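Some notes on the structure that comes next.
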Amino acid sequence: MVNPWLDSDMRIDPLEERYVEVRARTERLAAPLSVEDQLVQSMPDTSPTKWHRAHTTWFFAEFVLGADGTSGRVWDRPEYRFLFNSYYDAVGARHPRPDRGLVTRPALAEVAEYRAHVDKAMLDVFGGPSNGALDVVELGTHHEEQHQELLLIDIKHVLAMNPAVGPAYADIVVAPSADPGPLGWVEVSGGLVEVGRTATVGGDFMFDNEGPAHEVRVYDVALADRLVTAGEWLAFIDDGGYRRPELWKSDGWYRALEEGWSAPLYWRRNPDDPSNWWIHTLTGIRPLDPHEPVVHVSHFEADAYATWAGARLPTEFEWEHAARDIPVRGCCLDEQDPGFTYHPTAAGPSTVGSGSGGSGSGGSGCGGLRQIYGDCWEWTSSAYQPYPGFRPAEGAIGEYNGKFMSGQQVLRGGGALTPPGHVRATYRNFFHPHTRWHLAGVRLARDAEAHR
Amino acid sequence: MVNPWLDSDMRIDPLEERYVEVRARTERLAAPLSVEDQLVQSMPDTSPTKWHRAHTTWFFAEFVLGADGTSGRVWDRPEYRFLFNSYYDAVGARHPRPDRGLVTRPALAEVAEYRAHVDKAMLDVFGGPSNGALDVVELGTHHEEQHQELLLIDIKHVLAMNPAVGPAYADIVVAPSADPGPLGWVEVSGGLVEVGRTATVGGDFMFDNEGPAHEVRVYDVALADRLVTAGEWLAFIDDGGYRRPELWKSDGWYRALEEGWSAPLYWRRNPDDPSNWWIHTLTGIRPLDPHEPVVHVSHFEADAYATWAGARLPTEFEWEHAARDIPVRGCCLDEQDPGFTYHPTAAGPSTVGSGSGGSGSGGSGCGGLRQIYGDCWEWTSSAYQPYPGFRPAEGAIGEYNGKFMSGQQVLRGGGALTPPGHVRATYRNFFHPHTRWHLAGVRLARDAEAHR
Amino acid sequence: MVNPWLDSDMRIDPLEERYVEVRARTERLAAPLSVEDQLVQSMPDTSPTKWHRAHTTWFFAEFVLGADGTSGRVWDRPEYRFLFNSYYDAVGARHPRPDRGLVTRPALAEVAEYRAHVDKAMLDVFGGPSNGALDVVELGTHHEEQHQELLLIDIKHVLAMNPAVGPAYADIVVAPSADPGPLGWVEVSGGLVEVGRTATVGGDFMFDNEGPAHEVRVYDVALADRLVTAGEWLAFIDDGGYRRPELWKSDGWYRALEEGWSAPLYWRRNPDDPSNWWIHTLTGIRPLDPHEPVVHVSHFEADAYATWAGARLPTEFEWEHAARDIPVRGCCLDEQDPGFTYHPTAAGPSTVGSGSGGSGSGGSGCGGLRQIYGDCWEWTSSAYQPYPGFRPAEGAIGEYNGKFMSGQQVLRGGGALTPPGHVRATYRNFFHPHTRWHLAGVRLARDAEAHR
Amino acid sequence: MVNPWLDSDMRIDPLEERYVEVRARTERLAAPLSVEDQLVQSMPDTSPTKWHRAHTTWFFAEFVLGADGTSGRVWDRPEYRFLFNSYYDAVGARHPRPDRGLVTRPALAEVAEYRAHVDKAMLDVFGGPSNGALDVVELGTHHEEQHQELLLIDIKHVLAMNPAVGPAYADIVVAPSADPGPLGWVEVSGGLVEVGRTATVGGDFMFDNEGPAHEVRVYDVALADRLVTAGEWLAFIDDGGYRRPELWKSDGWYRALEEGWSAPLYWRRNPDDPSNWWIHTLTGIRPLDPHEPVVHVSHFEADAYATWAGARLPTEFEWEHAARDIPVRGCCLDEQDPGFTYHPTAAGPSTVGSGSGGSGSGGSGCGGLRQIYGDCWEWTSSAYQPYPGFRPAEGAIGEYNGKFMSGQQVLRGGGALTPPGHVRATYRNFFHPHTRWHLAGVRLARDAEAHR
């Protein structure tokens, strides 16, 4: 990829190339959306596309270009610092989150100028003397990748709130999937295993919440060899899954009652035939495909499903231990492929036998685990907590991860809307257990025989 | 004015001319606003400009073009009936009011097409055989005038929520006003007087809530000869008006506490000099002018102020009786005047002496009452209730006024954002007593001497 | 009745006699209730029996015994002024209304001592020199009568919230009623009529909100000759009355949806036979009697019913004008009668023909109007507003009525729980239009022929 | 202790003795409270004393006496099953938790009869053939001990809501404490350690959430040698602890803003001298003692304090590993000691040096750790989650612990209101992180040197 602001094709360093690519992808993702689509905030948890585009830019303006206290000089509209700060309390007051959809001024066109202006100013950073700022630049690109995924799940929610029938982000016709076959189990041997990573100078990028590397005692476990499907979830619904409190955690049961849950978010019964389900996706409304993974379920629903199925959710360490040696491949964001569906796809054919006697081997190996990376994020049973020895960075950047380590649940593995190369075995995503608008699904786990 | 859709300058009838003028004004009022400005709903009480433009058009599509049950053929997007119905329950389900700001699709450009399309189809109505539909057309133009005022007070609220400093609807520099002088009083003789009007065939337009004409017993009263000013309101604030429950109605006191009122809506203390007040207006933020009428106060505040001032609010019949013979002139909407300020203006010089011994005469005459029409709507002490013999029209049109006759308070006289020719002595506006975003102010009243 | 605190049977003046009787009735009404029953507050609108007993006592302690600023010496627990003030903001801070059920200390026994102590101290007032305090004593007795009715409707709500089956305040078996026959209409001639009363020295007691006497223009009207019955209300329910927005005022419709109304408060369908209704009363749960008046409906429901029935509610002046010459007799509180049912009773036989051709005559006469006084309060179409020339009293007592003149609706006529002698033609009761826990029902009105 | 229902002093088995003792303690704890005190529910989280007394009895009636499906025969009031079920959804519908304070009937006296009746019926269980029921009896006694602590923290909240000055549960004058000296640190060596217990036949009682025993990898850690004191907390307040978002977890910060926290629950500034603090306790309101442990803080506050202090909270496994070999002794519930203060007491003299160089030894030993058991529960950094291999029991009893394993935080060590003998090293208490009405305080932890 070529930097469009450079006059010649002089070599650019890998970070600059990465910067240019990431910034360009954000613009590509916003391109199909109208000025109006990009303005709306459909609930407090979501943010407008316009805000995502401005906020990711503000990150570089504030923490890279303005790191020397000159952020005011980067762009002569002081209110940008107030409007497009997300949650960095150390930076100062910020605009109330639920009001992000009221910001008609600056206009979207001005935000586009802001992006271009900051991108231009960033050239000097790459051209300048190497210093600590480049670490922040790298962080900023990973940060922007996270917002690319948020942009897509947020606009999905916005379009779902639009009462006109079937608004689609992308006009793609999605073909029915092949049956992935019955669920199989892969046994993973436990022990005292290492998880997480410790940051090293010159090492690959990692978020602070992935470290330090440390040991945990993991017990033998069997993991399902694929994600739970929509068809399997229908059996849960038909068996009264949403009406049986004994399957649910207490907090989850009350939340389900309060919000009237009776199916995953975005599922709708056909009013003319209630046995028939439709699903709202980024490619519009279409019949539910029983073979695709269930997605847009809360942690509470995932946990209740697992209980109903005689299983449980894996811990984040069971997951990481099993995934560690599996190559990071899978269905992830590929907006330049015209056939890309913006949705998880059905698992391919099984490579292990079905039933609990699966022959997979754990630790190094784990052959047979399908859909570990991509398709959808997998809820784990682990609360999001700091690792032993975790220290947030100093200053505002230190607010990045640490302050959310309360009340949230870890998800692993990435999904169909995760930018390519963004996820890895140690990557920890997190959401509150009641949330459903992000791309989360379910992999089952069971204690291994010896332990049962 | 010439109908732009006609090929020649053939004569058009007055109703058609009125239709064309009203429709054109709506477009002029929306013109300064960006696509984004027109989308936003800043609170449940307000509606987006886009919605106002579509809804006023839907009124003609539904009740005129579609009166024979063919509304579906007028415009081939069935969701418009769902999206742009305001509160006509007889028409069918409608979009939840607080979600009007989420409608990114149809786009604003499509709504503009819808307006043009319906305007074109309306030509046939005017050219066709005269029938009852023309009454509904006339109603529709007055309905649209009401939405013109709503459009302006709603966008004022939207811009006030925008955190950037000083967004203005119109770039006008407003000059300070001259002192209107001390408040005078005009005595109005009572008796058994006629109020309201009874609809007649071929008579001037009236809303159903203005009739039937009937008698009420009005007592002698003294009315203030002008509106309460911002400067007078400051004295109320400084005297603890917002902290003294004995001045307030019970419901008002609790609402004031709950919402933290300490000044009219849109007033802000200068953070560097708390004795100094600023005001958000449609021409941006500027210093408060002590001579301009106070506006954006709730009925509760108006009533508390009147109690503090040793007075009370007038009843709607006292007001109407005093106003009956006063020509309808005053500061009203004039968006084609480049110097128009979109705000009430200070009263001109007094024509009566000050103090309670004012020499005005009531009933026919009432000389000396300034600002009766225009500037701002005047809260009355009258609850909005049906007149004796009131009957709502049959069908959905019957929902126009009658169903709001509970819990609301009558306002009289029109304001600076009311389209010219819209208001009259019998005109009854109504809002809930806690509302503040519309252009309401205060005229005081006192029982006449004999009655005290 | 003999004053129990007097050693001999020396003559006592009528006000003292009245004081003693009223105070004794409060104690009789509380007697069937346990210590626990008397403590509970079942919703913010209601108050505990214990609180009613203390608050009515505090009224005399504060405004009579403590009128000279010595209220602190009456009872040496200063927190009583804070706990048992209802809404007299001029007296000082008071306990938050919704927390009245948390006051376990002082204990009920101490409140009983407080009552006895204040009653004893009041003897000196009666024995002392006649002065203005006696007016306040008289007001205090009428005030306590109002709280007697509140005590009963509040404990009814408390017992209805108790999940055990059928808790009754009084163990009475209620016999089915006779059919009152079809609804008849009584025409009442209008004109310029006098309503209200003006207070005179030595005159009968009146509340300030009943005056001054003044003229209003009333039009000819036909009033239903009895209250709407439970059986007639069932027809409204069966005809979809609670599901048809066109019958409702807008505020009412949204309140009904929000609170899920589908029948009057305290009505329950028999789970085994949904066509069969039961009703919770002060004598326990029993089958609904179709001939008894419907009661515990909000103003919104009453208004919707009237619209459904092709009628409307009367104004408070139509009601007062028709009732003026009717003797004050009817079903009211009679707790010393062992057969008293604490509930409205069916109308007796009609004395006018049915249909709109009723032969009653208005103004002086109105023969044929049944149930004008007693049974249940009748919602009127009139908002509660001050009469021309109304002035609240000075000081805290002035808060008695005036500050509630916003957002409430007038009811007339008294009910089965109103103490005998309490009500009269000019008496104005008032509640917010959504309230249902008090004893309110419906009398229909129609414009007279000439006016229709 | 002698069973009062037995005619002779024949030997009773230890479980029966335990049953009799536990049941008697509940009655002793309720004895100082009036009928009114025992009825009130001051917020949804708390329950009335009356409810605690009935619910703990219902537990035996339902799960022991009625285990054969005959619970209806135990007590002939079927509504008891509805009213006094806490959260066992498998048993059937139950009374809404926030309405527990409305249950005036059954009366408290009837609940006392119910207790006596069930206690009598339980004699047959003890006399009968040994069977599985005895396990449930044992569980029931531990369950009742938990409710004894809840009864006390709930009535503390009830009394705090009472507006009268200074209501006390017990009339005790509390003497000021001696200074416990500066905080010291005790290093605890980590490793692969065993935590939890596995239930064994005939073994000591344990709750299901304490098992199974399993290994965890614990790192070297330094634990504070005593609890944080009220005086130390004052320094946190004075340093802006409640106003500095950088010290707080994100969820905690918003909760603190929403609820307006500026000090621990039950602390009040002296209005006449804001530097002076008072505290509401079960012995009434008294000056805050700077040497007593801070208590009634949420997990969010505990965590913010630790961050401010340059430390963190311990994990539940660090705590358990350090506590394992420490004898269970400390300030716990002792209602029969007339000098018992119902409040945590200041730590005794330190046995280690101050500063981070403390010389304590970890694992087996941990000499120098004061206040490990008793005084107050200690918030840990661990989310409440199931141990590897955890299985809830079958049936309603299985709802005891497992369904709360979401969104809650583990506390360890017991407190001043915990019945003697109730707590142990493996005992896991849990509350939502925002809760403050229970007796929770703070012990700090720091990573050991090598790890830092």
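Descriptive notes on the structure:
Letters A, B, C and D mark the chains as written, and numbering starts fresh at 1 in each.
The definition used in the following text is that a contact is a pair of C-beta atoms (placed from the backbone, for glycine too) under 8 Å apart; a residue touches a chain by one contact, two chains touch by 3 or more.
Since we're looking at a predicted model, the values are computed, not measured.
The minimal number of chain-to-chain contact steps leading from subunit A to subunit C is 2. Distances between chain centres, each the mean of the C-alpha atoms, put B farthest from subunit D. Chain geometry summary: the mean Cα position of subunit B and that of subunit C are 38 Å apart.
Centroids of subunit B and subunit D (each the mean of its C-alpha atoms) stand 60 Å apart. Inter-chain centre distance (subunit C to subunit D, centres taken as mean C-alpha positions): 48 Å.
Annotation for subunit A: no residues touch 2 or more other chains.
The chain pairs satisfying the stated touch condition come to A-B, A-D, B-C, C-D.
Those residues of subunit B lying in contact with subunit A across their complex are 34-37, 39-40, 42, 77, 79, 82-83, 95, 99, 101-108, 158-159, 161-165, 167. Put simply, subunit B touches subunit C in their complex at residues 87, 89-90, 192, 214-217, 219, 245-246, 248-253, 299-300, 303, 381-383, 385-386, 388-389, 399, 403-407, 433, 447, 451-452.
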